[in-house]
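Chains: A, B, C and D, in written order; residue numbering restarts at 1 for each.
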Amino acid sequence: MTDVAVDPRARERFPLGWWGVAMLVATESALFAMMIGAYFYLRFKNSPWPPAGTPEPKVVVPLVLLGVLILTAWPMWKASHSSSPRRWLLLALLVQSGYFAMEVGDFQDDLHHFTPQQHAYGSLYYTLLGADHGHVALGLLLDVWILWKLLFGMTEYRRRALRGIAFYWYAVIVLTIAVTLTVTSPAFAR
Amino acid sequence: MTTTVADRVERLERQWAERPGVLGWLTTTDHKRVGLLYFWATLVFFGAGGVEALTMRTQLIKPNNSLVGPETFNQLFTVHGMTMIFWFIIPMTTGAFGNYLTPLMVGARDMAFPRMNALSFWIFLASGIFLYIGLFGGFGPDAGWFDYTPLGSRLYDPARNADFYTLSLAFNGMASTLTSANLIVTILKLRAPGMSFNRIPLFCFAMLAASFGLLFALPSLSVDLLFLYLDRNLGFHFFDVAHGGSNFLWQHLFWFFGHPEVYILIVPAFGIATEIIPAFTRRKMLAFPLVAIAELLVVFIGFGVWAHHMFATGLPTTTLVFFAGATSMVVIPSTIQVFAWSMSIFTGTPKFKTPLLFIIGFIVMFVAGGLTGIMFLAIPFDQQMTDTYFVVAHFHYIIFGAAVFPIFGGMYYWFPKVTGKLYFERPGQISFWIIFIGTNLLFFPMHIVGLLGMPRRVYTYPGGLGWTSYNVLESVGGYITGLGILVLFANLVVSYFRGPPSGPDPWHGPTLEWTIPSPPPEYNFATIPTVTSAYANWTDDTPPSLELDVGHKQHVSSLVDGWTAEIADMPHSSPWPILLALALALLFTMLVIDRYMFASIFAVVIALTLLGWHSKEPQEHA
Amino acid sequence: MTIRRLSLLQWIGFLVGGPVWFAEFLAGIGTSQAVCNPASGRWGIPHDAVQIGLMSFAAVCVLVALAASAIVFRETYDVEEQDAPPVGRVHFFAAASIGGNVIFFMIILLTGIATIVDRTCHQA
Amino acid sequence: MPPARLLTLLPLLLLATGCGSEQSSLHPESPPAHGIATLWWIMLGASTFGLAVIVGILVAAWFRRGSHGRDRPGTLTVIVLGIVTPILVLAALFSYSDIFLIRGTSPPAADAATLKGAVSVHVVGHQFWWEVRYRGNAVTANEIHIPVRTPVVVYVHSDDVIHSFWVPELNRKIDLEPDQVNRVELYADRAGRYRGQCAEFCGLQHAHMGFYVYADPPAVFRRWLARQARPATAAPTALFMSKCSSCHAIRGTAAAAHVGPDLTHVGSRTSLAALTLPNSLVRMEQWLRSPQQVKPGALMPDLNLTTAQVRALARYLESLK
């Protein structure tokens, strides 16, 4: 076995898995950028926005929930940097699932008032939120998976996976900020 | 502890050996095997696209011809376009050439994510089969490769044709995304020690550019396809003017992907040219930094020209000039490279072997097609000539002349490396001349019929408008081109069985792949080289190199300057990629016949497959 | 100049021009589309004023990046393309960035002038 | 035969002499088309020169292939010919075409003031034919008449998919969008017949969606317009009412549907089915017998008429001059 000294001049030390997640995040961000672009493009063409008969988007609840989600970045960071990540991960998971449950409830509640089949506004509103919630759900699954893995102790592989998952969550938070501000924008500027 | 070279190699052979037989190919994660799988699969699709093209040329050989009806013809030109772009050129350049050569050139033992690499191939293959099942089932996409709404919407395309369009492209897009992510991380992180950014071979810069292009352009297409699928099957209104939607939205989203796509098609060809030219002119590329940045800039600025496909849609001039301006300046990176190539040949010591002939043919065709491309920055001229055969001529000069010629040249150039045999030179040169004459006879008259007013995508045309004779020439040129391609592959096949052994380095090529045996062993490099130049095979100094001979070890370098950052464990062959691709194929099949219940079941299957995929950790493989 | 400072300047030269151009490009299109579409047209956005602002800001940024890469290029003039990092890499990026920034500057200039000179929202 | 009728034959005589019978962007017959054609010839010249330079370098390389001399310098050539020169040329081309030339090819402003008195035509695209409406109630299909040497604004719009309105000899093309009404100016230097065709792929019969633009002397144009505005000369037969009236209109009668072309003066037109067939009694019979054989995929169904019915209908329709 030949042991190779890591070169001290190599300052950037992210593991390959982290770079893989970075690629995913890059392409997903482009995906959301396109949807948000489509949202404002159609808004340029339609007034009133939302169309007559469609309720204004809720503002307070989504923004509060958004704040809660942003806070979960802290336990995720702790989990990916501490030697005993399970506690932190569990905390994050609980809050995130709470957020997810509330949002899904909201989503279904909206569907009672207007549907994506009525107007392009609805189509965009539900597609944007649906895509975002989908990414949150994926994050939750990743949390559960790594938590389950960690029950059998910590390995180098799992430490890297944890870093990747934490990074994914930071990205999800940023995307959620963008999406939430987009769908609530009609309330700020008519 | 000290080990002799012999038993170190012997140990590597043992540790990196692939499973024997078919099972080995189905579960392989070796980038060379995956590359070869890509190569053969894309050739099949190339053949299909070629047959479609020749059928269309035969239909158009005389006015009011009735060989195929409009229904067939529309499917033919749509599927021809989709096949050549998404199932031939992209997978051939990034999938086959990129996969096989990139790790060899940066001094890596595999791609950064070997299993993901295999996955991307199986997804690609499944998506192609999916599309052709649609075509042979009579549901081939038939609204053009850019499938404008409302023609592609449920009202005007009531059958499943457009569903096969959306789903097959979305499916195929996954494969391209995975490959490009893999290539990016490989080039950024798996370089040999000492390979700082200014020492990356230009081919890898091209791969980097193409991969970043795909990574950021494909999402736009995916969103577009998602919107269209929802519109068609769930009654959404993204593209429905009556309900606040817009057909311009489809066009913007499509071309935001579609134009970078065109540059993504040719940039790898630039990369191949920048490898072949030094090898056959015995000189380093002129203006190395400018050529490198040019390859990146072509794709980057390519993101700013999309609406030059929409100059005739009646958008305001104040918007369109942005795209016209970017279109004018996106030419500069190409002119830089054209003069760098031709001046390198001029100031070097050229040996006009077959690969270099194809590159010269490529330069001529690319300049011709590029010059007609420049004309489209003139909005009034574009509005006159768009959607005519003039455009067809332009982009075939670019896509066949500029993208496919270097692919052929690359096949000849790397044939000895992949097979260990030499191809036969004389038939190679003959194949070049037949293809060169054929393509020009095929595509040049299209300029003229375009100027004479012949629109594209017509399944027939009236006589008496002065179009007939040119169409005859085009069809004849088409047959000649087909013949030339047959000669080319016949030559390669015969050479594979009868060719003399080539040895590791028949051309004295500049880059790392020529420092190892041909065909390369599974582990590529017995010892990881330390490089001091982008032309590593030409630097005669023998710097200390790295011995990684226990387990599946891989050198990971720092992002910019290529210092050793860590030694990573690489996974070995795995059955999960092909299983996952299969599950995805079933999922998409359920979507196209809208059985959403079954679709969700297969989604669960996919999740379970992923669990299995990650049940074993790389360390445990060794 | 220290290699650290050179490296910093080199990254400014390499990384500023492109994103600034693309941002200006998207903002310019967004503005003209906002002004020329039925609903958003009523927001009363002053088209030419915004475009002039965008163009001049972007042009200045790109010129700064161009200057940075030019300085680095002169400082490392005698370095060879293939020399060892960091100085070899710094020289490489500086040479490349000069070309890139010139192109970005030209795009910003041409598109900005044209969009201001043209009749706002006139159908092409 | 009244002199007016003779004058309407003038375009056909011009056709006989060959001019204006094509669809070629290289035979411009209007100022904007001339501007574009001139630009084309300029760009062609410059491009030929550019291509010649590259080919010259490569040919020279072939001739000096024997001579050894590794790594001769050439970077300066790359910078001068590869960056400086093209930037100057392209900036010039961009400014000339997209700031100046475009003013001639883009339509006049939309506001009515500039259009007062100007002739305007509304063209609606359908799969796979052109509906042409004039001020007043003149409606026709697949042929547009304009007064010669007079600017005419054409308002284009689509009722179904995207089409593209293109008369290469008179002006650039413009798309027919469901989203918005677009405009293009038609102006003809010389009286004559100009061929146009749908340029945006629009479905099965995209290939057979042509039309003619007739540039007539103003007097002839006015007479033509007046006659087209009149109601039909003959009341529809019962056969027509039962077989055709669910889709086609004949103004001044009970047949008022607007699915297919308005047939009020179909007999006066020179072509059938958007330039698929020349208009004559025989061709009309052929078309009525089996539209789906003549133009497969057209929205006009096979009506399974008896030979007698076909002959009767054709004779009636041809009588609608």
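Simple rule for what comes next: contacts are C-beta pairs under 8 Å (C-beta built on N, C-alpha and C of every residue); 3 or more make two chains touch, one makes a residue touch a chain.
Values in this document were obtained by computation on a predicted structure and should not be read as measured data.
Asker: Common contacts of chain B and chain D?
Answerer: C
Asker: Weigh C-D against B-C on C-beta contact pairs and write down the one with more.
Answerer: Most contacts of the two pairs: B-C.
Asker: Per the centroid of Cα atoms for each chain, what is the distance between chain A and chain D, given in Å?
Answerer: Centre separation, chain A to chain D: 52 Å.
Asker: So how far apart, in whole Å, are chain C and chain D when each is placed at the average of its C-alpha atoms?
Answerer: 42
Asker: Report the inter-chain centroid distance for chain B and chain C in whole angstrom, where each centroid is the mean of the CA atoms.
Answerer: The computed centroid separation for chain B versus chain C comes out at 30 Å.
Asker: Where the CA atoms of chain A average out and where those of chain C average out, how many Å apart are those spots?
Answerer: 31
Asker: Can you pull out the residues of chain D that are in contact with at least two other chains?
Answerer: Answer for chain D, listing residues that touch two or more other chains: 83, 87, 91, 94, 98-99, 102, 106, 182-183.
Asker: Quick one: which residues in chain C touch 2 or more of the other chains?
Answerer: Only 33, 99, 103, 106, 110, 114, 118-119, 122-124 qualify.
Asker: Hunt down the residues of chain A that sit against at least two other chains at once, touch-wise.
Answerer: Within chain A, residues 41, 45-46 contact more than one other chain.
Asker: Going by the touch rule stated at the top, which chains touch which?
Answerer: A-B, A-C, B-C, B-D, C-D
Asker: Help me check something: in the complex, which residues belonging to chain C touch chain B?
Answerer: 18, 21-22, 25, 28-29, 32-33, 35-36, 47, 81-86, 88-89, 91-93, 95-97, 99-100, 103, 106-107, 110-111, 114-115, 118-124
Asker: Tell me, which parts of chain C touch chain D in their complex?
Answerer: 99, 102-103, 106, 110, 113-114, 117-119, 122-124
Asker: Where on chain B does chain D make contact in their complex?
Answerer: Residues in contact with chain D: 69-71, 74, 143-144, 148, 150-151, 156, 241, 246-248, 282-284, 286-287, 290, 312-314, 317, 320-321, 324-325, 328-329, 331-332, 335-340, 342-352, 360, 363-364, 367-368, 371-372, 374-375, 377-381, 383-388, 451-453, 455-462, 464-466.
Asker: For a test of understanding, state which residues of chain D touch chain C in their complex under the given definition.
Answerer: Its residues touching chain C are 83, 87, 91, 94-95, 98-99, 102, 106-107, 109-110, 182-183.
Asker: Considering the complex alone, what residue numbers of chain A touch chain C?
Answerer: 40-41, 43-47, 49
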